[in-house]
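Look at the two complexes coming up: chain A is in both, with chain B in one and chain C in the other.
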Partner chain A sequence: MSAIFSRQSWRVVGELGRRSVKQTFRRPQLMAPLIIFPTLLLAIQTGGAGRAVDLPGFPPVESFLAFMLAGAMVQSTLLAGNSGGIALAVDIEMGFTDRLLVAPIPRFSIVLGRLAGTAALGLFTAIWFLAIGFAFGVKFTEGPLGVLVMILLVIGSAVAFGSIGAAIALRSGSASVVQGMFPLLFVILFLSTAFFPQDLLLEPAQTVAEYNPLSFIVDAVRDPVVFAFSAEDMLKGLLGLLVIGGFGTVLAARALQHRLRTGG
Partner chain B sequence: MSHGLRVDMSTIRAMIERSRNELLRVPGAAIPGVLAPTIFFLGLTAVFGSLTLLPGFDTQSYQSFLIPVSLMQGAGFTGAATGVNLARDIENGLFDRFLASPAPRWVLLTGLVSSASLRALVPGTFLFIVAMIVGANFPGILGLIVAVVAVMGMGVVAACWGVALALKFKTQSAAPLMQAGMLVLILTTTAYAPQELLTGWLAEVAQINPATQVVEMARQGFVGTVTWSGTWPGIVTLIGLIALLGAWALRGMRRTAY
Partner chain C sequence: MAAIEVENLQRSFDGGVIAVDGVDLEVDGGEIFSFLGPNGAGKTTTVRMLTTLLRPTGGSAQVAGYDVVEDAAAVRRAIGVALQEAALDPLMTGRELIHLQATLHGLPPAEIDDRADALLQRVGLTRAADRRVGTYSGGMQRRLDLASALVHQPEVLFLDEPTTGLDPVSRMTIWEEVSKLNDEGTTVFLTTQYLEEADKLADRVAIISAGKIVAEGTPASLKAEVGKPRLEVAVAEGSPAACEDVLARFGECLPAKDGTLIVELAGGAAEIAPVVRALDERGILVESLELVEPTLDDVFVEKTGQHLEESDEPLPGQAGRVAE
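== the complex of A and B ==
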């Protein structure tokens, strides 16, 4: 237990986190899904479905871009979690994780280091999409405090999705298995309120979106841009993060234990 | 038919058969090209289906409006995969053996892109069945033929693009560029909404993007009736794109030493 709180352990977490950020920036195949793909989709969907704001039942928003920004951010963190999982699986395949396992460092720092890197990428994507919002004239209704809340929620969702990616990587030890999750991420995304208001989604997406934790997170991120703070949405968002992050952490811990017990 | 041409045709046929064997022996390789457009089709229709309520939308069925785009996406991914496969053949030295053979470069290119145009029918058929199940309009026999021509044509365009990039970069790492290029080409059209309902930069880009003509050509039967005036611009565009990208790929092939 004392190992968790020692300064050396956190130094290891920091170093591994820094390594994972560098790794992402050095490999275009890890970086592309994080920034390029969500940005491209944001640009195309904003232009392609921009007139959706005229639909009866669409919440009053300043622009479709303002509405979509939260969806793009959460989409990016979802992909960041997957990319982090792929990178961890590559480390396992190359034997780097084995070397860490025999090093005199706490085991939790291996996963936490990766998640620290994913959190940093979450911060990067939040800033990226906020910059896009500012550049294209989105007015953030809750001002700087709202922007700060958005950034924190985006970092939180990156960590939560990162824990799921890490769990799959640790359990499978295969980058292609984690990569194979990519289409599934889009299923989860389409069945949420990431891109459209829940009332205007078609069935069965409308019903699924109502209970999808991703919808809770997106709505909490969206509030400070489009509407105003809502305690209910914020609590739901935090609950969504807790559910996903908690589930991912338990799975990752069990996968790590399994790997240590069986050696692969 | 002269003897030389007959030999060239048999080489093209052999390359198509090689591609077919690959598909039969590794069916999993076709899954990404089928799965991604299908997920996008089902997801986007569920998300943006209400757009048909906007005045000016030319159909009440978003499935019918979107399916041609997904067909093009499937063809685009499959065609781009030809480029990835060629990059793999370059990396492992197999393509050097093709180049050392007496087959002319244009024959090798024709073999590659012909197989891509046929393979594009795999995701196309699957997507079409899914679209019919979820309620898209049947385009009629003529509409279906036009859609098949558009799918096969887009498969050739994507294959030429993928082959040109594979010959330039000579690595499978160029795969995201091959796929992203096709994705951008297809989605920056009237993919999500009719031209009059597009906003901002996309409205301008869709107007000048040649792929818009191909999407509109494939869409005709699904949302209305097939007309010659709605078909010929798409055919001319496909011929133009194939000539342009085919010439680029052929140039790359001629400049590749073995």
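== the complex of A and C ==
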């Protein structure tokens, strides 16, 4: 692993990350899930269900948009991770990964490069949704520090979900398999606190949302916008990122090893 | 020192499929070595093992003096690889691909621009350098793939079916470039299913069938093994029997085919002129005269009982077979 941290290796990770970002911007079908879908969903939900904030039990928030921003951001990173996985699987299918594997680079830098690209896309989506928030008058309760924390959490979230996408891509080597995860991601998303407060969910969704790591992440991202920093929520958010990212990284490493051992 | 040394190399896959079955090879530094065989013969599997993409299940291989398993990283530093069906990202530009490849091989950033320009110029892609690869023709993509394999000036260059699917002009361009590279001292290991390609380019050829090497040598020596050049003579005026008398002086006469007399020239192609003179002296007027030399396909037939073009589908007992 020491070679991974050489200066040259980081250069490679940076270059592969740059390629990954360009690839996403040049392929509309990869870009759409990151920005267009979450933005449309945000517009439809805030426009159509804006009065949800008046429901008894809804936490005191400045606006439904303020509440929804965190969900849209995490949804976007979830889909960015999936898109990254699809792009990696396409690389495997067309043999581009072989080009990287015959180069004198640490093998895991291929995955790190992809995750670096996904992190950059996470930053992009965070800025996008923050801009929407600012444009529509959302007041960020924790100020610039809160915004910074929010951005960092969104980037972390993109990397964590990207590792899962990479693992599935490396194990299956098939873009359609990774793409097939799309509906499942929405199920996981809707069974979290991304779009609705946990207390207003019905059972069993309420219980699932309580233990869904995605809820931990969303809540941690949401705090600096609508409430105030909460050490407990922040810790739970970081734990969620650690669990998902750690799980994804281990799976990706094992899938890569398997691919190298069997040759495909 | 040999650029590539392979001993009893083997590769089997799950289900007992044996793709490479005890290959022995030695490729000298500075030569073009061609691996000729039909689809499924084991060419690509061998290349994937030699380029560290696939671990052998038996035997050993050294490339540029390094073991492909024990010193895989050193092998990767020493080789350039252009794999089958140029694996290029259609969304990248040609220049971006060369830049990426240069970074992967650790070229200092300050040198990359100049190197990219030189390589793109070398393969005639300067004007297309900033276009996306997806807009390139098949020949342009192959040239770009070749350029990217040369970015770090490799000692040994692996080309896996570099001209498959290309039109004749693009094929010739690749051949010229490969010859030039070899003239500059690069060892080239080339797999192909085209007889002409192996014949024209290679210093030595190994024919692989069913995962085993069935023949190896220079194209000339392999062809000489299966027979001598034949002269086919159609008589326009004069007695065929007299003609046959004349031809018999130059070699063994084979059964006539559609009235055309055939002689296997004992002294090779150099005897055409004496044959023509002898026929003229006997007053025999010739309608046509054709020299037919043995081809690598004849060698393939001799060794495997099949024509190369016929053997795309593995037969029982051929490559990709299941271990008994």
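Quick note on the criterion: the second predicted complex is superposed on the first by the 263 of 264 C-alpha atoms of A that agree within 3 Å, B and C clash if a C-alpha of one lies under 4 Å from a C-alpha of the other, contacts with A are read in each partner's own complex, and residues count from 1 in each chain.
Everything below uses one rule, namely that a contact is a pair of C-beta atoms (placed from the backbone, for glycine too) under 8 Å apart; a residue touches a chain by one contact, two chains touch by 3 or more.
None of the values given here were measured: they were computed from a predicted structure.
Visitor: Let me test your reading of the model: by the given contact rule, A:Gln8 touches which partner, first (chain B), second (chain C), both or neither?
Guide: A:Gln8: touches chain C, not chain B.
Visitor: Would you mind checking which one, chain B or chain C, touches more residues on chain A?
Guide: B
Visitor: Regarding the shared-chain residue A:Arg261, is it in contact with chain B (first), chain C (second), both, or neither?
Guide: second
Visitor: Can A:Leu189 be said to touch chain B (first), chain C (second), both, or neither?
Guide: first
Visitor: Name the contact category of A:Leu242: first (chain B only), second (chain C only), both, or neither.
Guide: The answer is neither, since A:Leu242 touches no partner chain.
Visitor: Applying the touch criterion given at the start, work out whether A:Phe96 contacts chain B, chain C, both or neither, answering first, second, both or neither.
Guide: So A:Phe96 only meets chain C here.
Visitor: Figure out whether A:Gly50 sits in contact with chain B (first) or chain C (second), or with both, or with neither.
Guide: In the superposition, A:Gly50 touches chain B alone.
Visitor: Once chain A of both complexes is superposed, is A:Val250 in touch with chain B (first), chain C (second), both, or neither?
Guide: Neither partner.
Visitor: Let me test your reading of the model: by the given contact rule, A:Lys22 touches which partner, first (chain B), second (chain C), both or neither?
Guide: Touch partner of A:Lys22: chain C, not chain B.
Visitor: Mind listing the chain B positions that touch chain A in their complex?
Guide: 32, 35-36, 39-40, 42-51, 53-54, 173, 176, 180, 183-184, 187-188, 191-193, 197-203, 205
Visitor: For chain A, which residues are in contact with chain C within the complex?
Guide: Touching chain C: residues 8, 11-12, 15-16, 19, 22-23, 26-27, 91, 94-96, 98-105, 260-263 of chain A.
Visitor: Could you list, by residue number, the parts of chain A that touch chain B in their complex?
Guide: For chain A paired with chain B, touching residues are 28-29, 32, 36-37, 40, 43-52, 54-56, 64, 183, 186-187, 189-191, 195-196, 200-202, 204-205.
Visitor: Mind pulling up the chain C residues that touch chain A in the complex?
Guide: 14, 48, 51-55, 73, 76-77, 79, 81, 83-85, 87-89, 91-92, 96, 99-101, 103-106, 132, 148
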